[in-house]
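Starting off with a structure, shown below.
To keep things simple, chains are lettered A, B, C, D, E, F, G, H, I and J as they appear, and every chain counts its residues starting from 1.
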Amino acid sequence: MTTKQEAAAAVRDAKVRLGLSWAQVAEAVGRPVAWTTAALLGQHPMPAAEATAAAALLELDDNVVMALRLQPTRGALDTAVPVDPTIYRFYEVLQVYGPTIKELIHEQFGDGIMSAINFRMDVKKVADPAGDRVVVTLDGKFLPYQW
Amino acid sequence: MTTKQEAAAAVRDAKVRLGLSWAQVAEAVGRPVAWTTAALLGQHPMPAAEATAAAALLELDDNVVMALRLQPTRGALDTAVPVDPTIYRFYEVLQVYGPTIKELIHEQFGDGIMSAINFRMDVKKVADPAGDRVVVTLDGKFLPYQW
Amino acid sequence: MTTKQEAAAAVRDAKVRLGLSWAQVAEAVGRPVAWTTAALLGQHPMPAAEATAAAALLELDDNVVMALRLQPTRGALDTAVPVDPTIYRFYEVLQVYGPTIKELIHEQFGDGIMSAINFRMDVKKVADPAGDRVVVTLDGKFLPYQW
Amino acid sequence: MTTKQEAAAAVRDAKVRLGLSWAQVAEAVGRPVAWTTAALLGQHPMPAAEATAAAALLELDDNVVMALRLQPTRGALDTAVPVDPTIYRFYEVLQVYGPTIKELIHEQFGDGIMSAINFRMDVKKVADPAGDRVVVTLDGKFLPYQW
Amino acid sequence: MTTKQEAAAAVRDAKVRLGLSWAQVAEAVGRPVAWTTAALLGQHPMPAAEATAAAALLELDDNVVMALRLQPTRGALDTAVPVDPTIYRFYEVLQVYGPTIKELIHEQFGDGIMSAINFRMDVKKVADPAGDRVVVTLDGKFLPYQW
Amino acid sequence: MTTKQEAAAAVRDAKVRLGLSWAQVAEAVGRPVAWTTAALLGQHPMPAAEATAAAALLELDDNVVMALRLQPTRGALDTAVPVDPTIYRFYEVLQVYGPTIKELIHEQFGDGIMSAINFRMDVKKVADPAGDRVVVTLDGKFLPYQW
Amino acid sequence: MTTKQEAAAAVRDAKVRLGLSWAQVAEAVGRPVAWTTAALLGQHPMPAAEATAAAALLELDDNVVMALRLQPTRGALDTAVPVDPTIYRFYEVLQVYGPTIKELIHEQFGDGIMSAINFRMDVKKVADPAGDRVVVTLDGKFLPYQW
Amino acid sequence: MTTKQEAAAAVRDAKVRLGLSWAQVAEAVGRPVAWTTAALLGQHPMPAAEATAAAALLELDDNVVMALRLQPTRGALDTAVPVDPTIYRFYEVLQVYGPTIKELIHEQFGDGIMSAINFRMDVKKVADPAGDRVVVTLDGKFLPYQW
Amino acid sequence: MTTKQEAAAAVRDAKVRLGLSWAQVAEAVGRPVAWTTAALLGQHPMPAAEATAAAALLELDDNVVMALRLQPTRGALDTAVPVDPTIYRFYEVLQVYGPTIKELIHEQFGDGIMSAINFRMDVKKVADPAGDRVVVTLDGKFLPYQW
Amino acid sequence: MTTKQEAAAAVRDAKVRLGLSWAQVAEAVGRPVAWTTAALLGQHPMPAAEATAAAALLELDDNVVMALRLQPTRGALDTAVPVDPTIYRFYEVLQVYGPTIKELIHEQFGDGIMSAINFRMDVKKVADPAGDRVVVTLDGKFLPYQW
């Protein structure tokens, strides 16, 4: 049986071989690009229809479809603190601004958290005369501490 | 001499004692609330005018002003992986979506990173019938790998 | 200003000195005993009325009341893996049964988590001819993964 | 010879392939669902009858039966602190409420621990107008420190 | 209020100052020497009579008595792997013979553990023509895995 | 060439297949059961006669004999702090009683250690009306610090 | 599909087999030697022309070319603190001089960092009567903290 | 007696209070600025003349002079992997280019290392139309492996 | 009561203040210099005569004498892997030559260890035309594995 | 292509199979036994003549010769702190005597280190009526800190 890791590797290979973008795959799947990418990398279980659509576009077989549908054990970093610079910068944001984010959430919402489960995110390119900007939006439901 | 950690503690105490919000302090300082909060927590050096304005509102003395102006050694987490649930959720986002963010940055921008230095962020409350949402925007300049 | 850690230490000392139980303190506070204990140990902010009631019973001053009301940075273990045997057994449960709990949550609820925020817990003594049993109930809202 | 890890993987694969639930497997085995799941995931040795019943339902061969019967070296987490969000929430409960549980055990029982050996647990779905709840019951014999 | 750590330090100091042995203290306390030593080092709560007897012999005040009676948070090593050679050798025994001990417990008793709670231990000097031997006896109740 | 790890796995497999106990193997080998178990698990080099006797009983070939005779690199735990509950309890004993053992060794012997090299150990079952007891005896030569 | 790690191994093997230096490969590729080495070791994606030129010189096939062109997940150390002495010395420089470098950057440039993205480096041999010197130049764009 | 850490803190405070730069202090001391900064931060012992000159300019007393002259135990990072972004970038260089540097040293010099003891370094600002550049030069004697 | 750490600090301070060398202290104490240094740094208990002689020369009081006589908990490194370059080189020797030393001990002595308890060491300066050499001799009794 | 690890394994296997000692191999190679052992275990590159001589004696093929000649990435311990008792004792020496060695090097040589690069070592058996002694000599050039 194909594991979700093997399915993710097959997806990456096919994507390069076929010259497809995540945006194109997401369009075929009919879901937002960030969700689709995360799901194909093995971080979300895919419903049958979405898994089949992805496999069709990427020319992958039924074993991969089955693997994409499985419930994952989530967690995608190789080490507790990420080493790749593109990913590390987000860890650095947490190191520098983590307590600031906590203060502002508590000030605006009271005691609680931003859900990472009832959650969506987006990565956008915003043109700027001083150089394009990466704008990442993290959007999660506020969950108040409630006994 | 007052350290930045002692200054941050004095700021927190005064803020509670005087019943002020970070938003009110930021308004007095004349800078965005996330920047102001991070700076007062010791993660950015404050220019003299901003440090003085904050100290005036918070009724803190010149030693605190001096400390707020110092160059920090940045890094605000007590442990490599944060334990507080409000902060942890952002680490969890990194664990689940880190490689997804990396893929999408490379797809839209090519090889490079989102700067965490030429960077601004914001925490907003967005009303939603299914429950208010925490929307955190991370906005950094794209830096292409360039030899 | 008194920190939440200092307040927790003052609470423990007073409780021993006055010979009070957590159950008695919780009754005075008017909240469940597990919530009250966690709050007095610094893991929840206490509303003014509850903090005042606790301080009155425990003969503690206004600085402690103020500290009990503060928003905490949560996390109560000294090390990532707890060393005290009474606490360690719960970590051991996680090591032995963690993936089992995950399987059963997914089987009964689908993809998602038990909230540790919209959450209550309880520790009970259940008599048993073969020896009393400790019954800990963890009761959290199911949160489905929802984009 | 088949290892317990290979047996667990074979069980998971068969379960998906045959569309069986843990509850159905547990019924065939004749033991509680949490025990059965943990045992099939390799955390408990299975008596011959139970192992044979599970293998029959899951259409697995004698090597798997033999592996299921072996004494395990227990421990099911990949990292000391779990990364998967569904499992992590239970670690978070330990971080926030660990010392509270310890206090309440000592208050009700005296010096000692909840056994994780003479122990049973259960995961239940409890309907609630505000959303279904995951209720996990940990039920272990109290063991007093006894020289 | 005196902490158990401060009480342990006071005990050690008094013991050196008064030239007493652990054996003498244990005799005054009326409990086995290993239990007494562990208790005075802060790893067991002492009943009032034992704490008072120890304090009388060691000429320590009531604050120490109170501290010795408190419920401890157990765990006496400074680092996860001990560094002091006298203690390290026991960790080395675990590294070399841990799985052997596990095999032999399972062979003689079935699936289960040696309790470290219903437990006693002893350190003895055994004369031997080839050099005195340290004989440490660990004696704990067998606890079978029991659902 | 067979490694000691492969030889240990072959031993375990054969032992289960042939329904032999460590005690039976030790008897065939002519050495104490704890030594024999540790050696077959790869923690001691076996003399030719012992290795051959073990292999004969366990129906293993000459490559295994050769591997059993090799000098090991010792150390049998997968992680610095063991996770399996049966092994963990001995680590817990070290956490709770390590400094006590050190005190008692120094009190009875002076400055030095219990050798883990000139060392033997034993695991025994001792009947007790309150439940059988696991008695582990660690018996090592005292080595005084000697310049 | 060939991974970047496999491609790097193939490059190293071919380089030894063909007796080529990194300088010779870099010349064929038409890029600086440090960039070329890093890219062939899998730390930079190579444009098609450079990958093809390298593969031609090193007699490697199209799968390697494809792998060399892929976007890497960067990070080349096996452990967080490097163990190889030639690499360790640079970690030691960081331990001894890290805060000094930070002070001098802030003194000359203000608050900000040396970019490791808009960055080039070079390793040179400088003759010296007292022994040749290794001169490593790290040259990155200054990035001021800018909100 | 003043420790080197206290002396370093006194130096930093005085430097801010008097509005001096490291370059000015280095000029007074008569040594390169990087060496002087590292020495005043406690990473090198200072000869009497240099320590006295620094103390005179910084208006510090003889205890500080004595501390600056002491042999240090070197190592200036708070954590094995630095957290401050200005310092982290140099760790990142090591992660991305460490094996490249190793390859180029071996190619140009043979088997050996760049000494971090017979070593000097420099941080320079180099104007560039695309933005100023931080140029750090690490310059150490090559030490061949020599038995 | 003075701790061994405080005594070690007092010894270091006095040694600098009085301009004494470890060799001079060792001569007054009448023991080898390496033993004396280790003992004064808190790694060995000193007999009364030696402690008194050291204190007399170093002009330290009776509290220090008492502390020097106490049984230490040994272990002198701040981190598991030492950071100071002078100490690190010995860790590096272990990384590069550890298994070589093991092979040679086993080849010459059979299965066993070099005792670090029945042990002496020495640091010597050996003149060499190519530069003075540090010669460290580690000399421990061979202990064969003996059941 | 054969890696250095595979070559080391082949060397160990051949050595056992042919009943050769490291001393005999070193004699055939014509280099000191410690250097030869370390090189064959993959910690030093071997010149062609030495590699060929070793391979001839050990009846190994040209791929092994090539591997033995490669530049290694050094570091031979599986974990940062070694677990094997024979190797661990040298780590223990570092824990107990590391700062002592540092003090004595600085006292005899001034500020600097013992080189682990311009370095040789030796393991000798020294007969002693009280039991044979392992004498390990570490002999490295002194390198003064020199800017």
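In this text, a contact is a pair of C-beta atoms (placed from the backbone, for glycine too) under 8 Å apart; a residue touches a chain by one contact, two chains touch by 3 or more.
No experiment lies behind these values; they were computed from the predicted model shown.
Matched by residue number, over half of the contacts between the chains of A-G recur in the interface of A-D, chosen from D-E, G-H or A-D.
The angle of the rotation superposing subunit F on subunit G, based on CA atoms and rounded to the nearest 5, is 145 degrees. Chain centres here are Cα averages; for subunit B and subunit G they lie 33 Å apart. For the pair subunit B and subunit E, the distance between mean C-alpha positions equals 48 Å.
Centre-to-centre separation between subunit C and subunit D, using Cα means, comes to 24 Å.
Rounded to whole angstrom, the centroid-to-centroid distance between subunit D and subunit F, based on C-alpha atoms, equals 29 Å.
Within subunit E, the positions touching two or more other chains are listed as 73-75, 77, 80-81, 83-86, 92, 95-96, 99, 102, 106, 112-113, 115-119.
Pairwise chain contacts present here: A-B, A-C, A-D, A-G, A-H, B-C, B-D, B-G, B-H, C-D, C-E, C-F, D-E, D-F, E-F, E-I, E-J, F-I, F-J, G-H, G-I, G-J, H-I, H-J, I-J [touch as defined]. Of all residues in subunit F, only 13, 16-17, 79, 83-87 touch subunit D in the complex they form. Of all the residues in subunit E, the ones that touch subunit F in their complex are 21-23, 33-34, 37-38, 41, 43, 74-77, 80-82, 84-87, 89-109, 112-116, 118-119, 121, 123-126, 128, 130-142. Within the complex formed with subunit A, the subunit C residues making contact are 31-32, 35, 44-45, 71, 73, 99, 102, 106, 111-113, 115, 117-120, 143-147.
On the subunit J side of its complex with subunit E, the touching residues are 81, 83, 85, 88, 92, 95-96. Considering their complex, residues 1, 66, 70, 73-75, 77, 80, 116-117 of subunit D touch subunit F.
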